[in-house]
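Here it is, the structure, as structure tokens.
Chain nomenclature is as follows: A, B, C, D and E, assigned in order of appearance, with residue numbering initiated at 1 for each chain independently.
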């Protein structure tokens, strides 16, 4: 990888280049033929390490924050501030008895969590974590990401079906319905980004979001009307895809008693847990890449902070959003879940496709025309949103109550 | 064996496998999946000739994309049909659906 | 509508998240083993037997084995056997005492009816709640040695109530002494001041005839 | 009639129910013609949303409930037979264990029955204290119910923890008064066992003053939440006619639009002296049942305000009132009050001895549970869970 | 190249054959998924990146889901075992298949295909230009077909509304 040699550019900062320098130091002595392989292995190891640790501390952060939002401390016994809790959990999961029901389909029961974790990791390969920090540079990276993620619900189905438990079977059905419903808005919300950025590669999309309008307003997609709408649809669909509350129907604790996880214990259960967080992290990372400017700093002044740190901050903020939502909302019902997708998200994403097309076609409007462009785009978001939300909420609403005559 | 031969051989094998599914297994869902496999075999041929053929085979690549899209549509309609037939006849064996009139 | 309710909900959880760092009303966990709970004076758990002194708990039990609590206990977890002999009680009056007094705390439901019906203030509610035993039957069946706690302990856990009880008992004792003194003065020669309870059957199977007659109801305890 | 529309539920009515002369019950449903095979699932007895050891034997068509059989009795403890073998006083602590969230109102209903049977007058102060305790208990119960219901709805514990935070405060009050958080055993025939001190009353006053703010926050979290409304509105509709005929009482009946509240109807205790309203719902669905309870809590706060203000002095318990060895003359009495869950009543028959010859509890949880199948048919598993949650049962009372 | 392709071909063919042979319908569907994934890998090795990802996305994410859904909807809760095919059917089918197979094999064997150098992969931008240019009509038609298929599928699979208030 060749670094830009413009002196004093943020790309030259020592911290910015530290990961690459480290890689070169580690692989520099190798013969040229081996170097790409070793550096690929290195990036795999780094991704596994960083996201493994992220998973571990996400579980802790989730429990801590949920606790704080519920007026309690969360885990605080293992190590200072409970910081060793993830490792205690891991030891517990590893040493627990692994129970497989007699009637279960043993092979699928075993394969499901393994496949799920493997698939959740695949998507991370194409995320640019910082300037020049991407494990695999692909032309069709976005398509690859979604192709890799497409099979995650398949393994949830495998888990549910292989357990031979009625709750798990219901969970399997729910997982399939959920996947079929939410894959569509997820992909549709990405299309306008591809149209506007003119690229299917993640690095290209991040590059397209560089720079600032008037020096302060970043060119991030989420900061345009169409982009914000697409971002919202993407995040809602991502919540559903990663089976997070309020869309955690397959593992609905209060209904299906953990659904597809009912018959899992010990390490396999931990793998599912891991896959949930990795999937969440992967989708959030994709959202950062597509909508939040990837590793770009929000202000020119702040470019001295290395790009991967910006990426990390944005990723963590999105993950915090996942936790916050989980702490607040109840769960939807399966028919409401599919209705939300087909009658709200998909039409919104379709209109947004037009919006993105409009934005791309009017890229050269400037001056007062730019204001018109923003206004039209904003209208194309607000009007369908209000109309669709109203029709979605038809029949529901706050009520007023009477009192019995005494 | 040249790569082209290998591709064509795989394509032929996949096609035959799909054909076995269609002809021998009486289950409607398996029949549909078998048809999908046969379509895939055809796609593989297009790709093989695009890659190893006498140049200018861009049309082959594009055609594969269309083929995949149509296959998706076929699967959706096919499965809907299977469900409809099952609802009607309580069976998804092809042999049971032998009347035009419900 | 239009998501306003959802945002409102998010605001509430955010407020609680922030509040948990500075507002004690929004951080309510008591970390139990480190921070022991503050028990109110009225708190009750299982009964114990009050003895006058800590040195000789078995000798100074207030219980006279009248068996009222045994009869009134709703889940019937009290088992009493009367003594064959008598021992002087706190007032010096010879009294029957419980040869066996056992409470099965696995059965006891901490209702404190035994405390209410006891005419002698001999059984009170304990506040010891961290109780554990390694076996389910023997370990939870407490005998009178395990049940006996000195009056000082009673003062420690229920100060107000204990003070009232002591005042009452002291008054009764004074009255009894006064009476004994008068009786002694009246007829010094015959020593026939044997209490009526001597006539009580010492065996457990035959219920004491006097037990059916309600003694004066104890004044309601107040916290 | 507000039966679920068969077309809307995708299921067809197939038969009228035997012995349903009024045609009020929800008809059994047949699965859609040619749909998939039925799946019989046993929800419970070990299920996080059955609120104890309760079992719902459901037959599902996809996720829709075609049949539902409530199975209970796992927690049967012979309560009524024990009552016949126990003295009048001895049964009092057992009543704590019926609806173990509301021992205060259970105690009161039982005390009322015995007072009626034996003709024992209640002291003025005790009447007020009883109202204070009962309304605190109502706050506690409804708060918990809202928390549990939202937990069933799929919240990750947040409403439940907030509800429990407030519940703890009430339990602390109960504990400092009676010595026990849940098994209070505080009522006696003719009054109360304990007399609230001035500090206790001040603490209660503080709690009551702050409760409105808690309810505001709780409702901001939930009542206007679109997901909550979507989940609960139109789900588990109980028509007023069916509610009345099934003997439903309490907030559940009032949510169906029937303004029946024993505090108004019987005017027991000193309730007629207080100024409060009885909120009623219109649709009788889960949302109405939730909201009616929220509104009832506001009225409870008003009652508590007045009761604490007007609390008279005097003895809490008539020293002449006999507790131990009570032998009411032969006869029968039924004492009922408006418990948080509905009409809780005790029917006692005396033959002049120390124990009642007949001891019977009218448990609101149990009676309200009888319409469960009617409410659930045609809905999904997820709905059944919140419908059960909105009925507000405590298995200790259902199974007795 | 050929070795890699041969390995991938095996990875693709083995599950396909197994999918046709196993009796368990769910296993069969999952094996098909595996075969399609293998094929996607094969495409990737051929240099058709975009097609490979599209194959994975559509087949693994779409077709397999629909198929599994159909399996569950038509036989929920059962063991999903299929009866073995009847002997007559098996013989007839195998005869037909072996005919086709022999025809394909012979044409493959005797054909004189020139072994050409692989052409360079098409850049993604070029593919986009092709789709938006010469093939635009076809793209729109495919979109139309997909929409029609979606609506048709919905109409076919949606449960018929039962007769209103049919007391029986």
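Just so we're on the same page, a contact is a pair of C-beta atoms (placed from the backbone, for glycine too) under 8 Å apart; a residue touches a chain by one contact, two chains touch by 3 or more.
Owing to the predicted nature of the structure, the values given are computational and were not obtained by experimental measurement.
S.K.: Just grab the chain with the largest centre-to-centre distance to subunit E, centres being mean Cα coordinates.
M.R.: Comparing chain centres, C lies farthest from subunit E.
S.K.: Quick one: which chain's Cα centre is the longest way from subunit B's?
M.R.: C
S.K.: For the chain pairs A-D and A-C, which is connected through the larger number of C-beta pairs in contact?
M.R.: A-D
S.K.: Distance-wise, how many Å sit between the C-alpha centres of subunit A and subunit E, to the nearest whole number?
M.R.: 29
S.K.: When the C-alpha atoms of subunit A and subunit B are each averaged to a single point, how far apart are the two points in Å?
M.R.: Using C-alpha averages as centres, the distance is 34 Å.
S.K.: At what distance in angstrom does the C-alpha mean of subunit E lie from that of subunit C?
M.R.: So the centre of subunit C lies 79 Å away from the centre of subunit E.
S.K.: Could you grab the centroid distance between subunit B and subunit D? Build each centroid from C-alpha atoms only and quote it in angstrom.
M.R.: 61
S.K.: Going by the touch rule set out above, which residues of subunit B reach two or more other chains?
M.R.: Touching at least two other chains: 86-87.
S.K.: Can you tell me which residues of subunit D touch two or more of the remaining chains?
M.R.: 33, 35, 39, 158, 162, 165, 221, 223-229
S.K.: What residues in subunit A touch two or more of the other chains?
M.R.: Residues 69-72, 166, 169, 173, 327-329, 393, 397-398.
S.K.: Applying the document's contact rule, which stretches of subunit C touch subunit D when the two form their complex?
M.R.: On the subunit C side, the touching residues are 1, 3-6, 8-9, 11-13, 15-16, 28, 40-44, 68, 72-74, 109-113, 116-117, 125, 212, 214, 217, 219-223.
S.K.: Show me the residue ranges of subunit B that touch subunit E in the complex, using the header's touch definition.
M.R.: 1-10, 12-21, 23-27, 29-30, 32-34, 36-37, 40, 43-44, 47-48, 50-55, 57-58, 61-62, 64-66, 68-77, 79-84, 86-87, 92
S.K.: For subunit D, which residues count as touching subunit C in their complex?
M.R.: Per the touch definition, subunit D meets subunit C at residues 86-87, 89-94, 96-97, 158, 162, 165, 168, 172, 175-180, 183, 185, 188, 193-195, 197, 200, 217, 220-229, 316-317, 319, 322-325.
S.K.: Okay, in this complex, where on subunit D does subunit A touch?
M.R.: Subunit D reaches subunit A through residues 39, 41, 47-49, 60, 62-63, 150-158, 161-162, 165, 221, 223-231, 233-234, 254, 259-261, 264, 277-282, 287-288, 291-292, 295, 380-383, 385.
S.K.: Under the stated contact criterion, what part of subunit A meets subunit C in this complex?
M.R.: It is residues 65, 68-73, 324-325, 327-329, 385-386, 389-390, 393, 397-398 of subunit A that touch subunit C.
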